[in-house]
Structure formats: structure tokens, C-alpha cells
Amino acid sequence: MNKTVQELAIKENVQLNEDTNLLIFEAPDLKEDLLPGQFANVLVKDSTTTFLRRPFSIYDFDKKTGSFSLIIKKVGDGTRKLCQFNAGEKLSVIYPLGKSFSLPNRDEKVLLIGGGSGIAPMMIMAKAIAHLTSEIHILLGARAAKDHIELEKFEKVGKLHLTTEDGSLGEKGFVIHHSLFNDIKSFDRIYTCGPNPMMKAIGDIAIENDVPCEVSLENMMGCGFGVCLCCVTDTHDKGHQCVCTDGPVFNAKEVKW
Amino acid sequence: MVNLKVKINDIELKNPVLTASGTFGYGYEFSDFIDLNRLGGFVVKGTTLHPRQGNAYPRMAETPSGMLNAVGLQNKGVDYFIEHIYPKIKDVDSKVFVNLSGSTVEDYIIGAEKLNEVKGLAGIELNISCPNVKEGGMAFGVTCPGAEAVVKAVREVYDSTLMVKLSPNVTDVAEIARAVEGAGADSISLINTLLGMAVDAEKRKPILSTVTGGLSGPAVKPVALRMVWQVANAVKVPIVGMGGIMNATDAIEFLLAGATAVQLGTANFIDPEVTVKVVEGIEEYMNRHNISDIHDIIGGLQL
Amino acid sequence: MVNLKVKINDIELKNPVLTASGTFGYGYEFSDFIDLNRLGGFVVKGTTLHPRQGNAYPRMAETPSGMLNAVGLQNKGVDYFIEHIYPKIKDVDSKVFVNLSGSTVEDYIIGAEKLNEVKGLAGIELNISCPNVKEGGMAFGVTCPGAEAVVKAVREVYDSTLMVKLSPNVTDVAEIARAVEGAGADSISLINTLLGMAVDAEKRKPILSTVTGGLSGPAVKPVALRMVWQVANAVKVPIVGMGGIMNATDAIEFLLAGATAVQLGTANFIDPEVTVKVVEGIEEYMNRHNISDIHDIIGGLQL
Amino acid sequence: MNKTVQELAIKENVQLNEDTNLLIFEAPDLKEDLLPGQFANVLVKDSTTTFLRRPFSIYDFDKKTGSFSLIIKKVGDGTRKLCQFNAGEKLSVIYPLGKSFSLPNRDEKVLLIGGGSGIAPMMIMAKAIAHLTSEIHILLGARAAKDHIELEKFEKVGKLHLTTEDGSLGEKGFVIHHSLFNDIKSFDRIYTCGPNPMMKAIGDIAIENDVPCEVSLENMMGCGFGVCLCCVTDTHDKGHQCVCTDGPVFNAKEVKW
């Protein structure tokens, strides 16, 4: 699908918890699939502090109703402002941007790991591979029970596993402490998105255990479509690669953390 | 119909709207968004003789009405450009300029010699003002002898249009402009980025891996306008103005101050369709003000 | 309780928050809004030997995240200040600095001699960087010999704290800072305004009566931070940083970059209570980060 | 009354015509009179283009309900944005600023002339002098009938006279073409606010005819309280004077136009 810049109306803005909202956009032109890992770059209207756009992974989309959604965690001025817009207001959105996760082979056992706002691409990914395999395990990590969001929806698209740092829900600890990692070799593929230290740790374990692993990076972006060269990650074979166009999805083996 | 055509040396642009180096990739990245044929021209990413990896991440910081970048001229080198990239854009009905950078005068010369062989290229924009590389770059652009030396050397080997891009990080930009004109520049473009810095107070660290970087965007517009005005009063060659242009009104301000054409940089990140909107906005302004020729705006500031 | 006290030469400030010349009048204009005793100090309006009418209206233009001014040092002269204004502010429990400007070295000397007789005055901020006057002003501040000459001359006749305010409109601010330190400055403050320009596209006229003016406000913060950082690495005297500080976070960025104190300028126009809020915000930051002494922030940038 | 900077809630935002709104602010602390000619300096929240505050004359106030109002004409980004805020939203306002018109003597015949948004101070002025004289004439000028606003309110506080440039209401022409000027000497005082050319023309006539005349200037302001020295007007006797603190009201004789 070609990328476009469009003024899209907010269909719904749902507060999921204290610091996270779900923003559903009306996208009447949406005729093709959005791919898991792709993102949208949103202009923060009326912000006196946020000059550049802000990138967010596609969480879900629906070609029938012509809509897609983002999960936005309030971490600074831009995200706080975005979560304040009401249904009906229009925002300028560039999408779809970036490359997709590669898809698993038929019937492979797959592990999707999301941490923090990195859970977003795991929903679209789980749905995208549902026709390929039924062995979809989704491991989500958060600080505490109240930080876990959209669990009912995730439960519908895979076998859900949870961790919390304080042990208030699921297993206690970080995602890599989860008991799934005791038998990590049983998985054919791992896909992950979240804070860099988490993805690095998962990538290291995957490499050690010879499990193919893809990570979706969240580097700061100037443009989102490959022209400013600000978002680079260093890689082993290809030097600096643009997270926005060469990624955001990379093979864990490639990334020099 | 209004006339939007302007000339830079003997290169005719269909309108005065170009894109700024490092903000427009090689043009084709924008083909989903706009019709590249609508542009007066575009200046491709800063190119050096040898490939460069650029600086480490983070290379960007947001600032009030602007941004800092410390990309550091990441590019695949002039040979790669000529062989693999230029063929993809040479047929666009617009003018292509290559932004050429170097660490030594020798680098600039060899790069220019290679580009001199490229048919259909409108010209070189000689970048003697990049604040984001340790050696060379801005160093040439902040003294008259430095600027003169590199422009003279390139002029000797380069036959097409030689546009020289000035640094704003100087005490007297008019003096540098005169030196550059004297050394044979066909045109002067300005401004490159202002050297700036951003700090993360919570982490107590610089935000950029390089500590300092180049400031661009609306924040720099007043400085850019002033420098265009000063240079326009100092030299005779056509001036290409840039720095914080976000819309047609901004562009017209630069034209009034004396620029023959403008470049749009950071604005492309915020609205990838901005260039075409600016072309249309200039037309609309001319119609509204009953101006039939863009030359009646250029340098038309009434004191 | 955290320690906010800093010293500029032998002047102790109760906290590192000062106000910038030309943006805080003579202090008493703010007494409806804030308790002046809460400030580390304040720098009064640029003062010259003889009264000055300043430039013609319009003297101001709004720009993206900033403003241009072309006030041109309107003031009633140093004698009037000493006789009529200083008595009204001398009892404030804060430190008062006089921003002294001149067209000739002689002017600066006579002005400084007169101020040398004023009991209780914390010091002079020597303005060698005003972009808004034709003669003198910035001219002194943009070359090493110029800056050196005026600072040396004033140093000879002035006994209290001599802070010298630098222009950002230079190629190498560190070089000027070293010259000024060598000439006897006790402290260096920076930045004064960046020379800029604004155009009214509809009227096709410059907005300012003087065409160009001085840019201030958040837009200049990245440039100011970079210069403070460069100067902090170049000299030993305490640095007073300014340029676009709007809140405590901004102030802390300057302290981290190496400033011993900061000045707030344009921010006062938007929120006349901002100075006190910044003092409180710095305290809050220190408590949150478990820092008991402000000196642990000053120059504390981790590379 | 001391000047303060306060976050004041908008009580009402009434659109008066296409390009002009009435903004009523809740000012619970308002215990003293606001003076005719004084103004408020309003911060334009959430504007990406308006950095400095915007000054507006006090139009009316009510100590009992604790409120005051401004008339805002949309001429640029700042005023357009201000007219969009809804009741209940808070804006930062510095007030009261500037000096008052001088009051007439008892039973003097007074002419108040307002043009464009310069009609605003004429309301508070008419009310302020009602106890001194009943001979209050109010002359308002506008381009066309639709640009005349608040006429019913003005009718209550003085004898109303109107001009329009197109003759669609009242006498045709600029205010100085109004027939009142045929016998201008019959007035003891003139007070005016509006575009500079209008005020200059009125001032010149007043001086010629020896009628004391005060003008309220609307220079661009950086601060509004006398510290930036950006708002100056040149005067015959005192050189540059600050419109915000020495004015906005000046004797027409003083001003060098």
C-alpha cells in the first residue's frame, strides 16, 4: 500500500488505563491490509512543545469499517496531548510506514513478546498469522497488574502469558524470567517489541538457542519515511540502517545494541 | 497565468521551490506523496567522495519550533550516487543538484570532477557549512580564505552551475559571500544549520551522541532571513534562501528579502506534501496581489 | 533543605536565578507580581552614559517560539539611574547588576566610573553585544581586540564584579570569551540576542523600523546552550547562561552545561511570575534527584 | 487595583458577528472598579503560532457577579484562536493594565468615538461617566451594517450615532464625515479608540477646534506592563512613551503620529 498523508478523524478515543489510550481512526480509503510492524506517524495538533510527528505501531485495523487503531502511552508532552483529542477531531497521519515482521511457516510454534507500549504490534501480528498457525503464544510484560491492558482481546488471538515486576498478575519478574523461557527451544520463532534492554535480552537468548527472532525498534524519528537519517540503528553487516524504512523490524542477529 | 520561472546561472527552474539537502533524500522517497515534476528542483543528500557511516544514534533532538540533527553526512559516496542513484532520478522533469561535501580540498576536487561527467545534472551545491563532521565541513565555510580556496579549486574543475552553501555560524556572512562570489560561485545558498545543543535534564546528558548538532526549522527563520538580506545586499549572483520555511508566506518573505529561489528542509518531515503546497501558495499570493512575474517579488522589500 | 547559593566573583547570590537586562525593567515593575527578594539577582535595563530615545516604533516582531526586538537601548542615562532609580531598588534583598552599554570606549569608562561610586551595587554587566544600536554595541563584542580593549579599560576603573555579556553573532564565541577573561572579566554572561529579521509578506515591508533586530526566546535556546557549553570549556570564570529559558528544566539544562547562574529574559513577558517559579522548580528538581547542593548540577553534564 | 496574572475561566463566549466575539471572564477576585481605557493581556493557550500575549481593552465589568468582558476581533492567528475557546476553559490573563481616560467635568457634553474593535473601551467609559453627565454621545463607525455590534447595549449608555462606509446603516462615510462634526465645538471633550488614521484625523480636528481629545492607542506589545519598551509612541514633549503604562490613553496633542 502506498504511503499517504491524510487528515483522519478520530473515531474513538478510549482510555485503557491511567497512562494509555486507544485511538481509533476512521480510514475510509483503507482497502489493503496493514502489515504487522508497520506504523503511523501522527502530527500533534495544537501542541506548543511538540514540533515533529510521533510514530506509533498499528495495533489493529478493519478494512470493512475502514479504520485502524493505535495504542498510545503517555510518556511526554506529545503523547499526553494526543490522548486528549476527542472523537470527531481530525489529525494528520502519515501511514502505512515501515516494513513488516516476516511471517512464520505453516504450523510453526510462535512466541510474540510485548513489553510496555510494545504490545501494540503483537495484536496485528497475531491476527496476521492466525491463518498460518494455531500455536501462537503471546507473552506480555508490565510493571503491575494495572499496567496490563487489552487482555481480553489478546486472549482471543493467542495463548496469553503474563509477567509483572511486582508479581501482581502472572509470573513475577521481567518477561525473560517467564517460565516459557525454560523451554525456549520449543519455539520456532520469536517476535518482540518493547524497551531496548528487553529486546536485547530476548534477542541474546534467542540467538544462543538458535531460535529465529525479530525485534521491532522504537528509535526517535525525524521523518518516518527514510529521508532524515536520524533514526538509524547500527547493524553488524550493513552499518547504519534506518529504523523507519529498513525496519522497524530487524532480525535480532543484525542489531548492534 | 503568472510566471514562476527563475534562473540560477543558466539553469532555468520552473518555479523557485527547491528542496534542501538532507531533508529530501534522493527525491524518489517522496513519490508516494507528490509529483516530483512539480518542483523547481531538488538538492540531494550531502554526498562525499567516500562512503560515510555518519554519527552514532541519537542523531536528533526536538527543540522549540525546530530540531537539531547530527547525521554527519551518512551517504554511500559519489561513485555510488552516480552509478546507482542518479539513474533513478535523472528523468524527473525538474533540476537536480548534488550537495557535495568533503574533508579536504582534494576530496572536493575529485568529487566535483566526477560530477562534472554526469550528464543532465543541473549543478553542485557545495556544502562548506556542515556542522556535523569533525574535519572539513563547516571549517571551510567560516573563514574567507577557507571558503575561497575550496570554491576556487572546485570552480576550476566543474563546468556547470556551482552553488555554494554558506554557514550561518559566522560573524559576517556578507564577507564570506563576497569571497565565495569572487572565487567563482554561480549562486549562493544559505543558511545551513546553526550550531546548537540539547540537554536531557532528567538524565543529565546531552541528547545527541555528538553533544552539538545543527539547528533547523522555524526557530532559525529570523536569522536566515537576515542573512539572506545581508548577502543579497553584498553580492550579485542569485541567492537561494532557506531556513525554517514552512509555507508559502515564509517563502515569499525570503524572496522579498532577495532570494531568487528557496529551499524547503525540515518542513518536509512534518508535511511531505509541503513543497507542492508552497508552489501553489506562491501562485495564489501573486494572483491576489496582481503580480504576474515572480521577479517582481524577488528583492522587492520596500524599506 | 537544598543549597541554592552560588557565587559570582565575591558576590553571593541566594539562588542562581537572575533576570536578563531589558526584560525586567528596574525590578519594581514586577512588585505586583512577585516578591523581588526571592530572586538571586536582577540586571537592570541597558544603561548608557547619555540618555537615549531608542529606535522608532515598531520595535518588536513575533517569530516562531521567539521574538525580535529593536528597542535600541532606550534609557535615561547613567546619572538618572544613579540618582532616581537606584534609590528605589537598593533595599531589595537581592543583587542588582547594571547592564552598561556605550558607543565608544570612553563612554564605557565614564559610565563605569560613575557606577563604581554606587554603594551596594553588585556589579556591572558590560554589554558589548547589543545588536540594536548603530555605533558601538555589538561591534565591540564580535572581535577579540574590540572586546579586550573595552573590558580592559573598564576593568581599570571598576572595582566590583565585572560581568561581560557576549554576543552570539560570532564565529568562535570561546575565543572571545578567552579574550574577555584575559582582559579581567570576573564573569561572562551569554547570550545576547541573535541578529534576525522579520518581513511582512502582505505589506512587503520589514516589520521592524530598523529592518533587523535581536532574536530571543525559546527559539534560541539550542544555540545559547551550545555557546554556554563552549565557553564553560574555555574559561575559568563563572558563567551566567541565558537564551530562551522558560522554566526550571531549561534553567537546569544551562546549569548542567556549565553555567553557575542563569538569567530569564523573554519569559518574563509571558509569565511575570516565572522567575520565582524557576527558583521553586530547581528546588523541586534537586529534591527529586537527591541533590543537596546546586554545585552538583553546575557543569554536571555526563558525556 | 494591583495588576495580577491569573488563570481565569471563560464564563461565556458569544459570537457577535462573523469576525468578532465577546469573551466574558469569571473574575471572582474583582473587588475594585476597572478603569475605562485599561486592558487585559491574554495568553493564547495551545497556539503554535502565537508566542506573546495579546492585549484587549476592557469592554465591561461587573463587581457583583465578579466578571469582566473583552471584545475580540479576529484579525490573525491569536485572535482567531482566542475566539475558539469554550465556556469553562481557563486562560491566563494579566490585568488590569494601563491608564484610564481622564473623566469629564460634571455635565460636560462628551463624544465617544469608536472604530473597529476600538468600540470596546467606549462601553466601560460611557458607564464610568454616567454619574457625571447625561450628555454622552457615542459615535461608532464600521464598514457596513453587519460590522456594527452591541448596538442595543450602546443605546442604553448614550446617544448613539453610526456611520458605515457603504451607507448601509447610519450616515455614509468614515466617522469624521458624520454630521456631528459640523458642530464639533459644541462638545466639551472627545474620547476615541480605533485605527490610527481615524484617531489622528479626529485628534487633528479636535485640536483645530480646541476640543480636549484623548486617544487610546493599540500599539504592538511585548509585555504590557512597561518593561520591554517595545510599544512606544513618539510624543512631542516626552519623546518615546510606553503605550502600555504611560497610556494606552494619550492626549491627542501629545502624540506624534
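First chain written, first letter: the chains are A, B, C and D, and each begins at residue 1.
Here, a contact is a pair of C-beta atoms (placed from the backbone, for glycine too) under 8 Å apart; a residue touches a chain by one contact, two chains touch by 3 or more.
Everything numeric here is computed off the predicted structure, so don't read it as measured data.
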*Go ahead and note the Å separation of the Cα centroids belonging to subunit A and subunit D.*
55
_subunit B and subunit D: spacing of chain centres that average the CA atoms, whole Å_ = 47
*Could you please state the distance in Å, as a whole number, between where the Cα atoms of subunit A are centred and where those of subunit B are centred?*
36
_Shared-contact residues (touching 2 or more other chains) in subunit D_ = none
*Any chance you could list the residues of subunit B touching two or more other chains?*
63-66, 217
_Going by the touch rule set out above, what shape does the chain contact graph take here: line, ring, star, complete or other?_
ring
*For each chain, which other chains does it touch, given as pairs?*
A-B, A-D, B-C, C-D
*Using the touch rule from the top, collect the residues of subunit C that touch subunit B in their complex.*
61, 63-66, 68, 142-143, 169-172, 194-199, 201, 203-206, 211-212, 215, 217-223, 225-226, 229, 244, 249, 252-253, 256-257, 285, 297, 300-303
_Sites on subunit B touched by subunit A in the complex_ = 22-25, 29-30, 32-33, 45, 53-54, 56-60, 62-67, 69, 71, 74, 217, 268-273
*subunit D to subunit C touching residues, read off their complex*: 2-5, 43, 49-53, 92, 94, 219-234, 239-240
_subunit D contact footprint on subunit A (complex, rising order)_ = 46-48
